[in-house]
Amino acid sequence: MSTIIGETLKNIPWEDRPEGRGEIVWRYSGNPIIKRDQIPGANSIFNSAVVPKDGAFVGIFRSDNTAMEQHLFLGKSDDAINWDLDEKPIILYGKDDKPIGEACGYDPRVCFIEDRYYVTWCNQFHGPTIGVAYSYDFKKFYQLENAFLPFNRNGVMFPKKIGGKFIMLSRPSDNGHTPFGDMFLSQSPDMEHWGCHRYVMNATGWAWTKIGAGPIPILTTEGWLLIFHGVCTTCNGMIYSMGAAILELEEPWKVKYRCKPYIFHPTALYECVGDVPNVTFPCATLTDAETGRIAIYYGAADTVVGLAFTQVDELIAFIKDNAL
Amino acid sequence: MSTIIGETLKNIPWEDRPEGRGEIVWRYSGNPIIKRDQIPGANSIFNSAVVPKDGAFVGIFRSDNTAMEQHLFLGKSDDAINWDLDEKPIILYGKDDKPIGEACGYDPRVCFIEDRYYVTWCNQFHGPTIGVAYSYDFKKFYQLENAFLPFNRNGVMFPKKIGGKFIMLSRPSDNGHTPFGDMFLSQSPDMEHWGCHRYVMNATGWAWTKIGAGPIPILTTEGWLLIFHGVCTTCNGMIYSMGAAILELEEPWKVKYRCKPYIFHPTALYECVGDVPNVTFPCATLTDAETGRIAIYYGAADTVVGLAFTQVDELIAFIKDNAL
Amino acid sequence: MSTIIGETLKNIPWEDRPEGRGEIVWRYSGNPIIKRDQIPGANSIFNSAVVPKDGAFVGIFRSDNTAMEQHLFLGKSDDAINWDLDEKPIILYGKDDKPIGEACGYDPRVCFIEDRYYVTWCNQFHGPTIGVAYSYDFKKFYQLENAFLPFNRNGVMFPKKIGGKFIMLSRPSDNGHTPFGDMFLSQSPDMEHWGCHRYVMNATGWAWTKIGAGPIPILTTEGWLLIFHGVCTTCNGMIYSMGAAILELEEPWKVKYRCKPYIFHPTALYECVGDVPNVTFPCATLTDAETGRIAIYYGAADTVVGLAFTQVDELIAFIKDNAL
Amino acid sequence: MSTIIGETLKNIPWEDRPEGRGEIVWRYSGNPIIKRDQIPGANSIFNSAVVPKDGAFVGIFRSDNTAMEQHLFLGKSDDAINWDLDEKPIILYGKDDKPIGEACGYDPRVCFIEDRYYVTWCNQFHGPTIGVAYSYDFKKFYQLENAFLPFNRNGVMFPKKIGGKFIMLSRPSDNGHTPFGDMFLSQSPDMEHWGCHRYVMNATGWAWTKIGAGPIPILTTEGWLLIFHGVCTTCNGMIYSMGAAILELEEPWKVKYRCKPYIFHPTALYECVGDVPNVTFPCATLTDAETGRIAIYYGAADTVVGLAFTQVDELIAFIKDNAL
Amino acid sequence: MSTIIGETLKNIPWEDRPEGRGEIVWRYSGNPIIKRDQIPGANSIFNSAVVPKDGAFVGIFRSDNTAMEQHLFLGKSDDAINWDLDEKPIILYGKDDKPIGEACGYDPRVCFIEDRYYVTWCNQFHGPTIGVAYSYDFKKFYQLENAFLPFNRNGVMFPKKIGGKFIMLSRPSDNGHTPFGDMFLSQSPDMEHWGCHRYVMNATGWAWTKIGAGPIPILTTEGWLLIFHGVCTTCNGMIYSMGAAILELEEPWKVKYRCKPYIFHPTALYECVGDVPNVTFPCATLTDAETGRIAIYYGAADTVVGLAFTQVDELIAFIKDNAL
Amino acid sequence: MSTIIGETLKNIPWEDRPEGRGEIVWRYSGNPIIKRDQIPGANSIFNSAVVPKDGAFVGIFRSDNTAMEQHLFLGKSDDAINWDLDEKPIILYGKDDKPIGEACGYDPRVCFIEDRYYVTWCNQFHGPTIGVAYSYDFKKFYQLENAFLPFNRNGVMFPKKIGGKFIMLSRPSDNGHTPFGDMFLSQSPDMEHWGCHRYVMNATGWAWTKIGAGPIPILTTEGWLLIFHGVCTTCNGMIYSMGAAILELEEPWKVKYRCKPYIFHPTALYECVGDVPNVTFPCATLTDAETGRIAIYYGAADTVVGLAFTQVDELIAFIKDNAL
């Protein structure tokens, strides 16, 4: 039986770990897969989320234009490496089926639950908070109420209801550059009213400044596999690395294992040099239940999109062997 | 017909405005009505909430002890001026009817809705947030879920449902001394899941640092009469004064009138000297629909409890005449 | 010959130094001479400037109303102790003789030069800067261009041209609570264009946080006698005391003597308790050349106006005996 | 047998606790015993240390002059309440018996060990550090090397060697207003070279900002009785209260009991209003072994000197009954 | 008729836009044209200004030496790409024709007006302010009074008088790393007295931290073409990009069009890596009225000098098409 | 006679200065000599110290692992360029010859004095302070008491006693990212008790933020040759360069010459890009008395180890010719 409880994805992008190297997560040799100016008028494209759909792939991409406005764009790909991005931002519609406007904001995640794809992102509402929308087909997106009061970022859904409720991770903090922040979990009967908040885990160790959920948690036989970003601060700014943990299946605010070392760190030139140096920020994974392959999509230096790989059994073993 | 839509309260405490004075809100001559050490082991008693009950009065009082721990205490009074305070904090019970522990936190408000008294206060949940409990009889208090993710303070209920939902005002901000903060409104079908957040009003004018709802809004023929605290910051710290506004009855996130000047300001020695100088912080009112009398209970200098008076028609006229 | 080079002012307010006391500057026994609410709707009246006129006295008073808006008000007095204040702010007129609006801002000074009275104050122009107006008769006030770019405060004129130019002291700093600031001098041919800036003196010693000119400098046989405010910062905020110095007559940016100790310090209750505790802020003097008497008008605790006295020969001797 | 292991002091100043009051430490009715201007040219006199000597009393007093310069002054008293203070600062001599200069600095403590009186205080050496001097007779003071590198304050000696070494408590922190700081202990064979540093206790509870040793620890049958200052920070500044603990006799870096509540808090007007509001800062005690009486000398509001009383058995019982 | 109202400059340096690229401003292929150590003892050479003169080119260059002292140096070039730099700083002379000393300071601009070349730069005068000098021949430089009180940077002249007055743009701010700042305009009858200050434009959009004028505004048939630097702040520091706007000819404080996107952004390695990463800071242009070619000189990473190109009609169309 | 008073070291690593270059200190062409991941599980290896021993070389290396824990590791080399590093941290032993645990901390220095090698490093003891250990053979390391109270970094020993005492340089500062700090010197009779503190030199000029001693001072005929790091702060963070000075032989707290320019600055890509950009941090030198060659080991970008060279007579001449 496979460790990942999910679909087979035969066309998941993949490269084997470079020989003689011991990293638990390794870079795609063709990185960055998306350049900063692939969309006309773009300053940067990064921190984006992809999902498989109908044998191919779709994604929601953050792109800041040269006016430094942040919008969400639709992208399509056959191989999940080469992407066609729309030149216009996504349009959001209201419950009345009338257009509200372009999708503004940043750091989207996409999660399929039951019958539709939910998009969560950092939306502005008198400060940053979690915007919520859904689509059945990636053609039309319906916006719901914002999930929380400000100030909040990194809202990440679980791919199925638990205890009859929708579940979202998030990171409440302040309205500036957010020098602190732990991870919380909230629950909802209807995707509009949120409560029963739970504390999940804190900024500590190498990630002592703040942490935030990354891709949609991966359902495994061991529990929910969570990849997140963690941040430490040096005298010359923040470093965003990736961490990993395993959460309990039925009470996912309980941490079974949390990996003490980071699993990925900015060392490539395109991760260390750019608009915000030293950032690797994961927002999505693709997974193949059959082989246990995991492809991680991450923003690099707040400028481009990178791709990295790991294997689920190796990663879970690494987390358990190096548990905090 | 009376302006206040509510009960008659014949034994409301009262003093007429001192002759020759023009303040819209005036102090009780016997202030402070509660001294800092009225409870054994107390450092201070302030920022507290009272309600009429069965012909007399009950209240929830914030008291910090000499270890500077913050608890909520029950108090009773026949005249709403002289109070008997319990020497032990209130005990909170869970939904399972088992005791959870002493009520920790600060700045309580009390609101009767339909069939019971709801208490909201600033609770610690990985940072300040809004704690919620209820009681039918002030003998047993049942705690509900915290209303919001941190960081939030000054959660204040409306005394009836609007549009079929419970309504709460609050002030999201950060986890320190809160140098900023506007007022928001949130809605709930069940007192545990909150959403449909609305922006109510901002820190501006004399209250340019932050604002927060004070007593339970008073239902009047003109709309909801809201007394709040507003804060400005000088080079020597913050000054907490009182402001007033009138909100729309059915859409109370819409401000009909907001009074441009403050209505009360720390000038008495017991308001200007104490643990936190220059603070007047209103948490409750008593109202008499027949006479329109309003008695305001406020914390002074984060040290003692003061009492002040106003009259509803005069106050509403003042707000409208001086609307922002 | 008298030390003060100026007019006789027989009706200068005066009290002798209390017996057995050694202060170089002493308080008026009837302080505060102006209460915080002497103007209807006032929160506070402080930091104000007075001049003799036609055998009586006029003044420009800073009053913050209960909306914490800052305006300038006209006041009149026969004895310079009991003041009648207008209930409406001063109206400013433009060069075209049309009204511009009410005089907004704070901390006015008044200086008679040649044929008219100039008022300088802290005006808002994308940040604080020095507003300038003049009047021949205290009935009509004409506003000129602001003197400087932001961010500046405490603009204080000399009472006569030097080297054919108007001369102003000021204190450039930032746009917040101004945690630093030294004193500069600028020159103008026309009261609208300013240049030839000179550095006068720095924040140091007891006034290590910042300094700012106070009353109009007093012309004496020893040089320009300058009373200023100086500020130190404790863990509980800023303390505003008064200092004194003597500047060279023809090159007033050169300091002949600067008094090492302060000459006045907040110790009275109305100076230590109020909206901004521990502030004594001098804005004007009256002087009598015949007796050498000096009456100092100062704001206390940013709340009320106080009056203090000194004698010119004693003060100059004190400065020289205690020169830095 | 008496609890205090030490001398009888029949003329210790004393007042019984006011009737009907429950404070563990109570104020002298004649407070403040030293006014801010008792020395000519003084701005304030506070944070000072006294010892019995030859049937009378001597003390080292901190006084800031009106130039805000900080010096140490000698004082003498027959009753330990009315003090004659020198008008000139103490002169320090070097090992070569030549004068070095006036004793600059602040917050002195005095401790008799073996054959002489040691004075420790906050000295400037490229930042605050602990100055050390000694005297046999309070006529001539010899300065030794500073004990530590900067940045350090509140160096307090034990009154006898332990393990053959001199012992000093101190509070390392930064060079500003010191927003943090715990208590450490250091050891020396010769009063000039210090090492074998030990951690004693942390800022926590009501004293969450910082703590610092106060008077010389009192030797009792229960251990070393330590009174210290602790600080919390409100939005309007710091509050300095007094705490108490009992340290192990032979290993005094080990805390046997630490009192959870404070034992004294600024509530009197002369403690809440002054140059630094809300400060009570203990620097010395007198003790009478026979009666167990303890007289505490403390600075109030960084402006004046206050006196308070407690009784050793009551205080120790209070600490043990309320141990953290 | 040409858009640029000015001289023909046949030998303006030029490269066509790389094929297939859409940038409105593009880099010179030989960048950086000046290395960090081209002057012996230099740490860096950047933020410099050039002008055509007598068929060739001269420039004023900022170079910080290895003691990190900032001086201005003269440079000469036949092609405006390869520069000979003096090894000694420029000497400034006073009005009395006597040498004052070496030109200290940074970020020079050069502007020919009527009969001479004016140099403005950031000069130290108790804080940063705008230094002013002129030269007829680049052999002798005469220093005038500083234009403003501190704190000011980026003083940039217009190349002709308007309304009979000299016109200068500048950016008042504070004395640190300047985390805020808008653009203002000041007027002078004589280059020494400045007044009639006008507000031009604010930090907003992509340049939300601060903005400052760059090269001398270019006179065009559409108005004054202004290239400026704008700064946003990430969690890892500031990014300096270039923006553009068109100001009204006769009232140049009025913005006709302001380009919403930036026109140039640090993306080359020599712009992203150096003493201050992610900085492109324009200080001068050369223009050819006949072809509309514009060559922009900019500092890169506070380390080297880069060259970039644009064409006036394209740039103006871009600004108008993308106006804020 | 040779300038360096010390041993001949024939196998010192060496490369001549690149032709046509004028730097006083130049890079090794094979830099970085140690990569960030040379130890399995390492995130980075930098700021490390080496010494010659028995014809070969040993070193103490700082390596942060992928959990960002900081440990000290032993390394060995035949040529001082290619290093074998242990995979496990050094174990420290107590005076009782029992193991204490792994050597935690950072920025080690190694100094041979009389009969053994002393290691000093930044150790955690309720804040950063100076840890001390010694070894006779690099097989067993005995830990002594920490030298100072917190907060201190960069403890660097002199290689022989002076005046009969051990001598250590250090940099007291605060417990954060240390935005300030000067260099001090302390003395000890026994390596455990430290006193007689002396001030050495301040942060100034290009190193205006802070300074700290680097390698063990080199004994020369001219005095102690000291290489140190100095830091300036830009709007995008701190830059760590190297400076040099010569101290008096017998009173090494007296600075004979201090070089005004820096002698080395981060300009190579591996110095400008990494976990902390723009850092060159020297911790050790090797010296050959016969040729005067000096090899400097320095951390680059807090990520890797670099090697650079200089020659003693040239360096001393450079310091003297460019003395501050």
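Order of writing sets the labels: A, B, C, D, E and F. Residues in every chain begin at 1.
Note that a contact is a pair of C-beta atoms (placed from the backbone, for glycine too) under 8 Å apart; a residue touches a chain by one contact, two chains touch by 3 or more.
All of these numbers come straight from a predicted model, not from anything done at the bench.
With C-D and D-F as the two chain pairs, more C-beta contacts join D-F. Which listed pair repeats E-F comes down to matching contact pairs by residue number; over half match for B-D among D-F, A-B or B-D. With centres taken as mean Cα positions, subunit E sits 41 Å from subunit C. Averaged Cα coordinates give subunit B a centre that lies 60 Å from the centre of subunit F. Chain centres here are Cα averages; for subunit A and subunit F they lie 42 Å apart.
Multi-chain contact residues of subunit E (touching two or more other chains) are listed as 236-237, 273, 277-278. For subunit A in complex with subunit F, the residues that touch the partner chain are 22, 205-206, 232-237, 239, 260-263, 265, 267, 269, 272-273, 277-278, 322. For subunit B in complex with subunit A, the touching residues are 125-127, 145-152, 170, 172, 174-175, 180, 182, 184, 186-189, 192-197, 199. Those residues of subunit F that touch subunit A in the shared complex are 36, 40-41, 43, 65-69, 177-178, 236-238, 273-279, 302.
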